[in-house]
Structures are given as structure tokens and as C-alpha cells.
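Labels run A, B, C and D following the written order; every chain starts at residue 1.
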Amino acid sequence: MVGGGLGAMIGGVHRIAARLDNRFDLVAGALSSTPETAARSAAEIGLAPERSYADFREMARAEAGREDGIEAVSVCTPNHLHFAAAKAFLERGIHVICDKPMTATLEEALELARIVAASDALFVLTHNYSAYPQIRLARDLVAQGALGPLRLVQVEYAQDWLAAPVESKQAAWRTDPARAGAGGAIGDIGTHAFQLARFVTGECPTRLAADLTSFVPGRRLDDNAQVMLRYASGAKGALWCSQVAPGTENGLKLRVYGETGGLAWSHETPETLWFTPLGEPARKLRRGGPEGTMAGSRVPAGHPEGYLEGFANIYSEAADAIRAAQAGERIETLLPGIADGIEGLRFIDACIRSNAAESGWVEILP
Amino acid sequence: MVGGGLGAMIGGVHRIAARLDNRFDLVAGALSSTPETAARSAAEIGLAPERSYADFREMARAEAGREDGIEAVSVCTPNHLHFAAAKAFLERGIHVICDKPMTATLEEALELARIVAASDALFVLTHNYSAYPQIRLARDLVAQGALGPLRLVQVEYAQDWLAAPVESKQAAWRTDPARAGAGGAIGDIGTHAFQLARFVTGECPTRLAADLTSFVPGRRLDDNAQVMLRYASGAKGALWCSQVAPGTENGLKLRVYGETGGLAWSHETPETLWFTPLGEPARKLRRGGPEGTMAGSRVPAGHPEGYLEGFANIYSEAADAIRAAQAGERIETLLPGIADGIEGLRFIDACIRSNAAESGWVEILP
Amino acid sequence: MVGGGLGAMIGGVHRIAARLDNRFDLVAGALSSTPETAARSAAEIGLAPERSYADFREMARAEAGREDGIEAVSVCTPNHLHFAAAKAFLERGIHVICDKPMTATLEEALELARIVAASDALFVLTHNYSAYPQIRLARDLVAQGALGPLRLVQVEYAQDWLAAPVESKQAAWRTDPARAGAGGAIGDIGTHAFQLARFVTGECPTRLAADLTSFVPGRRLDDNAQVMLRYASGAKGALWCSQVAPGTENGLKLRVYGETGGLAWSHETPETLWFTPLGEPARKLRRGGPEGTMAGSRVPAGHPEGYLEGFANIYSEAADAIRAAQAGERIETLLPGIADGIEGLRFIDACIRSNAAESGWVEILP
Amino acid sequence: MVGGGLGAMIGGVHRIAARLDNRFDLVAGALSSTPETAARSAAEIGLAPERSYADFREMARAEAGREDGIEAVSVCTPNHLHFAAAKAFLERGIHVICDKPMTATLEEALELARIVAASDALFVLTHNYSAYPQIRLARDLVAQGALGPLRLVQVEYAQDWLAAPVESKQAAWRTDPARAGAGGAIGDIGTHAFQLARFVTGECPTRLAADLTSFVPGRRLDDNAQVMLRYASGAKGALWCSQVAPGTENGLKLRVYGETGGLAWSHETPETLWFTPLGEPARKLRRGGPEGTMAGSRVPAGHPEGYLEGFANIYSEAADAIRAAQAGERIETLLPGIADGIEGLRFIDACIRSNAAESGWVEILP
């Protein structure tokens, strides 16, 4: 693991997700850019001291040279380090599981794509929400034509934790352009919303018009974005992300409407997917229940699974893919990867360009 | 009553709303522009034959001349007739309760404002959703500063009844520019969403950027609109209205966020208003329950009231205002009126202008 | 109308319900047993003074003698007067629409049945909850075998308004054995729950075991009841009613389970009926929506109807039945009547007997 | 681990729960009473072959003799083996984490209490639902008097997976008196509901009256139970458990009402606890949110945690207790244990006695 030391939130999530299905052992880390924090974090987590590194490049070098060196690495640093860390390991043939947004800039993202293409190692991006079983079911329904040709995509991701100025390790880097990249809310949560809609619909919008705001005085990155979307197919959409909406928690919601049916999903009840064929009653499709599968499930319907289990699906599927790769095979998976990462950075970049151009329509895709 | 004959939907609603609190007797009507339908409708409703008119101008003239002539008239024709009908009665001193959108064009709306100003009669616009008790409570909370300075307004109104081509009296005029005016969904339901947000927040947005679509082949008016909003105060917002979203019914939803609190309301559960002060648990404020009033309520909390009761609040408050006016007084009410009507037409007009200008920002207010 | 004077709650409900569909005019009343209150109530409601009576027997006599005398009467007094009032009008051939519980004692109920049988007039009991469209749909689904043979009936009705000692006109008579009859919560709301379950299932339980409690010190009637039910068919059930459950409002809920399907309905969202065929996803059946009818509806799906509209369905169907009776016909209706009233009193009586016998099983049906 | 081999459901749950917070390594097992299945299960899970045992007594003996022998054992066999397995390990000083119901009979439960008392090892019973953070918050609110003196406890646990005859490993032993013990639904899920209510209220009911049913033809144990409860404090309650309620999944619900407030919790949304002080609006208390703590949480509010995380709380708290015990200390925990197990068996026993006595009241506590 790179990053994820004491005081980090998402590092702990990655560790649980990796462990949940017993597919990974955590044996080495560069857990902090502060050597002392790295060492203390490693001790707390139980790493052997000799495999706790003060620097991820050193870690990549050392682990690549060990007989029992790591097979894969989790990158969960602030955004500005994703590129360098991923590069260091990919270039040594070590599989990378990386948090999002993939890089700090679109240029880095495109460069990373070249590195991934040149490497034998896999690159997985933890857009964890796309691994909820009911989200995968939604994707299947769309792909099977259950909604007919798509017309509308409404997606939103609302939080309230940055509604007032916040002093915390989590908040500090996310609101600092030097560490978060050019996007605030659009990078941290907007990319999740964007990827979720793209994953379910199978379509990436081609143009957007965005209105970005920093509501909290002194904030240097956006904490709210209104975005209108257009698709090549003629579908349209809207994306709203906010970190200043009091009363919301981690409010990711997706609704997709086609000519003959509609879908609705909310993160507050992630095990329920609403599916309404036009002219029929709404059906409550439940994880593990009728008209679904047990894929990506651990316990029967009605025993709530949640965020960590969804995140673990990414890790466990990555383990499958890594084992296959080690055997010289590429298996089909639904894992988000380099293409999603590039689209995410294109999304951020397009939002910023549109916002600078008085919310005019700009191209997302080249 | 003008309009509302056999086969109409909203005419029946107006009649129930007027009757519910026993404040009006329906005694005369020009219920259809087709004389034969007008007569049959009048007979079915129980009007005296001599007070069933084939033409609303004739009705205005005749009733104004009767000793026992009507005191007020409901106008619930298709939109293109609102102006002429309202004018006919207002100019004879008969109070007008008119459906929305107020007129077919902004020019008519501005002209109607002059007529209202010159008349002793009252003009009430049936933006019924603003008369739900919990919506009025929401307005009070905002006005009292319970949310702090406002930042965000998210409002939407989604239906699915026009997702496929529809052959019905309701659908025919609403999708015909000659009868509906220039707006389709934006006129029929967008104006409701716009007024609801404006009523609760006390602020009218000053600029918007709109993307209008007619998804159903051959449809001549918009059936979906994405709109971004900006307020003079610095607040921002989004409005989505659609008539092609399968699985939605009459899905009006409003969320308002300020610096220190948030509100959420959904028409599917109109008696619940969610209020969350930042950093406190969400409170479920119920019609007739604690932290509310019984104003606009007929039965205790937990005995569901709904659409017709909210609509009746408009009629009953109009009755209060009419009685006061007859006594030479003007009472304070929350009734929507000419100003709301003009704002609604400005909203439609601005949507169309922005859409024509590649979704660029346009002024709503002069 | 008999009863329902100033300060009464349910009288106003009856008046709105009668008026909503424009099927009744209220022209006479004995609105209070206190003559002065009766007169003031009549004036406020707008009755002609000569048709405001100080006594319901006098009213029955006088109205029966008028050319334009009333055709039907609403009885909404406290329970102890239902019998005498209903009797007075039925014996003069005036149709009676009576609130529940039907009478104060089972003996009165049985006597009333004889009076009804001997009268040409109709007797309707306002078990209004059974007139919700989705409750009628539930009944249809059961009758059509959509659940298979029934196994379980779980019904409850929870309120909190009597959780503390209450001083109000509503509370005073409901907690007074002399006016409410032998049942407190079981009479006031338990009979509603009992009738609702019986209406939907088509089966009346034959035995019950009850545990009644008066939680509030000094209260002379039950304010809570736990009841176990057994049906002749082998089905079983439970009924809980309470007026001391803080956080509940008017919480009537029904769940019915058969071999091959289940239904769930809650009064908080009366327009939704959940139907789950075993092994299929739950379906959200909405008033006015797919797989339902518009019977008993006034406005399309998504425009909430509620308590008053459900209550109005009773009145409007009663109007149909009365018109038919006047034409010498008996039409099929779903109106609750004398049989429901007797079952309600048998339920109360059985609860009291079981409770007195250490919650032993007792017969409900003779 | 004892039990939990291939095809078992709950064994996998225990393994994830133990692993989630990285507090346990699974190193030995007697995973099935069929030696061949035990061996295959061990291989699949990754146990060293020499630590896969065909018999739990052999395992207890062997592991107790190893330098690196297990410190604790999970017992997740069918119920009839719990006693013997727990005994085998406790008597060798190995800590036991045991599934519920604790034993097959009350006699075994009482005997196990003696064994636990005589052992230095800890005994933990996996009543996992009591480890949900919002359930622990509910317990705190009751203990702090937020509800006032308790009056009512309504608890239910409804499933539908046994609504029809089922052929599966899970179903086979749960419906077999020889392996499940004397209780069917009351043992499998009724004990959970009973313990949950007891945990939150801090009170064990003293008497009950039960009506047990086996609805599915040929079923030898109850698949449905209606139970009325009485408490020494004067509170009353009802417990319903069913495995034949189509449309329910794993529907555990608890409502507790006192003189001055009420609580409601449903397993379908385990992160929400509804708290209503009498006369105030309902408050939606969320895991990790305001008025709660992060105890027992891994991720911030709005990132759903569920069943496995709740179950893991038991394991992780057991790890704390075991570490303390190894240091010669007893720490305060909320872990369910031998007392809960005995109460559970008393509950089963009382249900069966009451049912045999025509649902008469019987004592639960001695």
C-alpha cells in the first residue's frame, strides 16, 4: 500500500476491502510521505519494519527485487501522487489498484495510459460504486434493452461535510489544488457520479455545460457543480455534485430513463434497484433476491451489505484478474481501469473549460 | 367556471377544490368552446340551463348584469384562452381564479397585469403546490433564517404520461403550440416547479441556462428540460422537468440548502418536510404535527391529506380574500397571483431564448 | 347530521366527505346534545334555524314530516348515542350513515340489526379505511387467489395522542365508559383494524386471545391491546392497537400472507399497496396506476389522495345506494354495514371476555 | 472453527466477520462432521491439512496441546452440537464464540452455564444484531431514560424462505427437531428477536403466551409464532416471528415505547434509528451521524455498513475481551454471552409450554 497512513480515511477502507474476501495479505507499504508517520502507521498495521518504506519509489524498487515481493499495490495517496506512484510500480511489473480521480491532470492520465499499455501489469481504478450488485444489475438491464433506447440520465452526489470550513486531514488535501488537482467536488465525487452513470448506461456523454461554484469563503476549489450532459445517441442528462448540502451524507443517486422503462438507485439503500417498465408497476429488485443473481453477494437478501462489500468486489475481482494474468490470461471483468480514469479526467477538464466559458457547451471526448 | 367540461381533468379538480370547504357554489359556466359539449357538461354538473353559456364573453356580460350574478370565476381552459377569459371577467369586476401557466405568451401576461391593476377584482393563480401546509412551513423556515443564507435550490418535476405518443384530450392541447403556448413541459409543469422554489425561497432566480428537448418523434413542444439557475444572492440551482421519465408519476421534489441547514420535500409524501440543521439529525416535520401548525389542515396528523386539499387551500383563501375585498379590505394572503404568473411566463420565455442560444445564460428578470 | 357540533373532530370530516363529490346537501341537524351549542353550530354551518334541532328524536319526527325532509342522516355522536339515533331515523325510513363503533354494547348492535332488517332504509357504517382504492385492490387480489390460501394476518393501529392524560372534548368521551362503551382503544381504533383485515381477507376470525391494558394512570378504559387471532380456515393473526405509542400518528398497517404471496399496506402512504408473489420482486401498486383501476379515484396517480377522499368514497357510494333504493333497487356495493357493526361489537366483547379470563381463547363468532 | 464447511451459510459469515477488522487468523478447523467434507472444506479455505480435524473433540485436544494452538474457536454447527463443542473447548481453556440458539435444550444451556463458570475461557454468543451501532444507541437512549418508563415492546422477525417446502442444507437441519432442537422459527429467529428487544430495553419479560404453528404440511417444527409478552415493570409486548411470510426477507424490526418517547428500528435500513420524544418531531438518527458515535463504525455516515460489519463488531469486541483476559483482566463489553443464551432457551421452552397449554401465560424466568 502507498498512502493510507494514520489519520487517512480511505486507506483503511482499501485494507478492509482487500481483506474481506481473504484474497490479499498486506505485507509492505509506504504509508505516508512523512517517514515518521509511515513507520508508526506500519507498526500499527503490523507490517514488518523492513518492508515499511519512507518513499514509494524505494518501495517499488525494493519489492520488485525481493523473491517474496508484492504482487500488487494499492495507491491511496492524495491525488497528486497517484501518477508517480502508479508509474513506479507499473514500470516494474507490479499490478496497481489505484484510487480515483486517477491523476491530477488530464496530461498525466494520458501519459499513464501509455505506461499501462506498455506494462504487463494490470491497472485497476477503485470506482467502487460500480461494483454494487444492483448497479451491475442495472447495467445488465440497460444492455439487454429493458429500458429501450436511452433518453435521460440524472445523476447526483451530494454531501454536507464541507458546508462549513473544515480543519481535518481529509479536508485539507481535498481542497488544496496542489494536492487534489484542478477539481474539488467534481474530482472527488463528481468523477464517481460520472463513472457510475457511464458504467450503467454504457455510454459516455460527449458534451457538457458546467457551472462550478466555491461557496465556502476562501475555498480554492469548487464545492458544488451543476452540469448538463449530452450524449451522441441523443440522450441528455444532468449531473449535480455538492459538498455543501446540509442533511445529505454520501448521497449518490442515479436515475436512467429510456423509451420503455426507467431505473432508479440510491446509495442510501444500495441493495434496492427500482425498475419500472413503462405502463407496469415499479419492481423493487433486491440484492440476492428474485430477478437478480448472487454474484458479488456474500449473504442472502435481507442481510444488508454495503459500501465495504461493494469495495471488496473490486479487490476480489482484481485478485481474479491478477491470478489470471499470472497464468498468462486476460479474463473479462467489469473492473474500472485506465479508460475510466481518462474519462474522469476528461470530465474534470471539460467542466473547468465550460465553467471558464460562461457554462458554454464543450466537448468531453476528443 | 370557464372550461372544465366533459373529458377535462383539471376542471373537476377545481370544482372539488372550490367545494371542499364549502366556500363556493357553482352556478354558471361556459364549460366548453363547443356549445353542445358546454350544454351537456352543464347538465351533468347541475347548472341551470340559462346559466350555461356557449361563450365566456357572453357569460361575463350576462352574469355581470344579473342581480345574483357570479362573484368569481374559475378559468380552467387550455392555456391560450386564459388571457381573454380573465380579461373578460376582470373588466367587469368579477374575481378570477385562473389555472397556470397564466397566459400563452409573456406579452399577454404583461398586458394582463395592466388589466388586473386597473380592476377592483382579485386575480388568483392556482399554483396549488405552494398551498401545501408543509410547503408553507418550508417557506416560514427559510424566512426565519433556519437555513442561513441560501446556496442551492434543486427542484424537479418528472412525469411519464407523455413518454409515448398519447391520444387524449389532455395530451392533445398540451402538446399543441396553438393551445399550450410556446412551452410544453416547461409550461405545464416547469412553471409549477419554478413557482414552488420561488415561493419557498422567497427569491426569484435572475438568470438561467436551458436545454430543451422533444424526445417523442413528431412532438412539437419540449417534453423535457434541463435548466441551470442563478440568483442575485449568489445562490445557484437546477430545475429538471420531464414528461418522458418512465416510473415517475407526478414527481415534484424540492430541496433547498443554505449555509446552516437543508430542507427536502417530495410530492409523493406531501405531508412530510425534512429539515436538517447542519450537524443535527434530520427532523421529520409532519403536517399537523409538532413544530408545525394546523393552518391549511382539516384533519389531525396521520390522516393523509393530499392534492385536492392543497388545491382547496387556494380556493378557501381566495374566498377569504374575496369576502374581504367585498368589504373594502385587502388581507394578507399567500395566494399566488399576477406576479407569479408573470414570473412563470418570463421563465418559459427565458428557457426558450436560452435554448435557442445554445443553452447560454439569459436574463429571467428584466 | 346528528352530533358533530363545534369542537367535534369527526363531524367536520363527515361533512367534507359528504360534500366532496357533491352528492349531499346538509340541510338539517341536531348537532349537539347541548341546545345552545346545537344552535350555534347550526348557525356556523349555515343551517336554517328551523331545521336545527335540540334533540335528534325531534329531528327525526320533524324531518320525516316535511315535504322536503332529509333523505339520509349522518350519526356522529359519541358512541353511546349511536343506537338511539340510528333507531330514531331508521324507524322513520330515513337512511342512516353512522360512525363506528356501531353501538355501545353488543346487545344494542343485535337489536339494531333487527331494526335495520325491519326498515326500508339503508344503514351504512363509516369504516372509511376499507374504502381506500388500494385496500379494495388488496381485497380483489385476495379474492382472486393471488396470495393462495391465507396463512397470516398482521394488523395494527397505533397512535400517541393519549400517551399522557389529555383534556379535550375528543379525549373526554373516548375515555369515558359511559359514552364510549366498554372498549377504549379496542373500540375506537381496534374495530377499524379488525374491520380492515376482515374486509381485505374476506374472513372473520373465529377466536381471539387478548391482553388489554390501561397504561395511563386513572384511565378507565384500555389504551392498548395485544390480540392473537385464529381463523376457521387455519389462518392465524395478530392485532395490536395502541393510543400510547409515542412517534406514531394514525398508524394503521395491514399485512396479509398466503401460501404464494404477500400484501402490505400502511396508512402513512395509503396510495401504495405492496404485492409480492412468492419468488418474485415486490411490486409497488399505486392508486390510479398500472394493475389498478381509477374506481374510487378523482385524480391521476401521483396526485395524492388521502383520508378525506377515502371517507368520501363511503358517502358517494352511499348516495348511489340511496338513489337505487329510492328507485326500488338494491345495488351491489362494498359499503360496510350492519354486519360489520355486529362483528365489531363481537370483537370488543370477545377482547373483554378474553382479557378477563387471563387472555384465554374465546369465541368471536357465535 | 467447528462447522461451517462447504455449503454452510453462517460459517462463511463467521469467517468474514472474524477477518474484517484483522483481529483473527483462521488456522484450524473441524469444518464438517463428514470427514471428507471437512478435508475438502479445509483445503478450500486454506487450512494446513494437519490442522483440519474430522472431529471437534480431537481438535480441542490437539490444539490445546500445541504451542501455537488456537486461542479461540467459532462454533457454527447445527444447534444440537453447540453444547458438546462449546464444552470441549471451554474445558480446555479455549475461548468460545458460539452461534445461537446456544444449545438444543434448556437443560444443556443450564449445564453450559456451569461449565462457563468453571472455565477461565470466555463464552460469546453471536447475537449479532445487538452489535449494530444504532441498536447500541437505542440501548443507550433507553438506559438514559430518553423514553421514560417503558410501556410497550413490539418486535418481529419475518422471513419467507420456508414458505414452501425447501430442499437445502440450510433448511434441512433447521426444520429437523433432532438437529435444531425443540424450536423451529422460535429458535432460529425468535431468539434473535427476543434478545434484541431484551438488549435494547435492558429488561427480560417474565411471562409469555404463545401460539405456534407449522404452516407447511409435513413440517415438524414451528414456522410461525405469535407471542404476547409481559414484563415485571408492567410493560407489555408482542413478538412475531415467521418463516412463511412472502415478500419479507430478513425482516427484523423493533419498536419500543415509553411514557415520553418512542424508538423504531428496521433491519432493512440498519443505519437509521428513529427516535421521537413525545410531542416533538421524529429524529432520524444515523450511524456515524449527529447524536451518535463512531463506535462500531468503520466508515463515515452515508457509506452503508450492514450485516457483516455488525457481525464483525462481535468478533472484534471478543478479540478485545480475549486479549484482556490473556492479560488477566475482564473488560466491560456489550457482548452477548451465557446469560443471553439461557434466556433464549428459556424463551423457546416457555413458548412450547404455553403453546401446549392453549396459549396460556407461562413464566419465562424462574
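Just so it is clear, a contact is a pair of C-beta atoms (placed from the backbone, for glycine too) under 8 Å apart; a residue touches a chain by one contact, two chains touch by 3 or more.
Per UniProt, the chains are A, B, C, D = Oxidoreductase domain-containing protein.
As the structure is a prediction and not an experimental result, all values here were calculated from the model.
Any chain that touches chain A and also touches chain D is listed here: B, C.
Each chain gets a centre from the mean of its Cα atoms; for chain A and chain B, those two points are 42 Å apart. Per-chain CA centroids place chain A at a distance of 55 Å from chain C.
Chain B and chain C have Cα centroids lying 36 Å from one another.
Multi-chain contact residues of chain B (touching two or more other chains): 248, 282, 286, 289. Viewed as a network of touching protein chains, the structure reduces to a complete graph with every chain in contact with every other.
Listing the residues of chain B that touch chain A in their complex gives 147, 151-152, 154, 156, 160, 163-164, 209, 211, 213, 215, 224, 226, 228, 230, 236-238, 240, 242, 244-248, 255, 257-264, 274-278, 282, 358-361. Within the complex, the chain A residues that touch chain D are 9, 12-13, 15-16, 19-22, 46, 159, 161, 248-251, 267-270, 286, 289, 298-309.
Here chain C touches chain A in the complex through residues 275, 279-286, 289-291, going by the rule given at the top.
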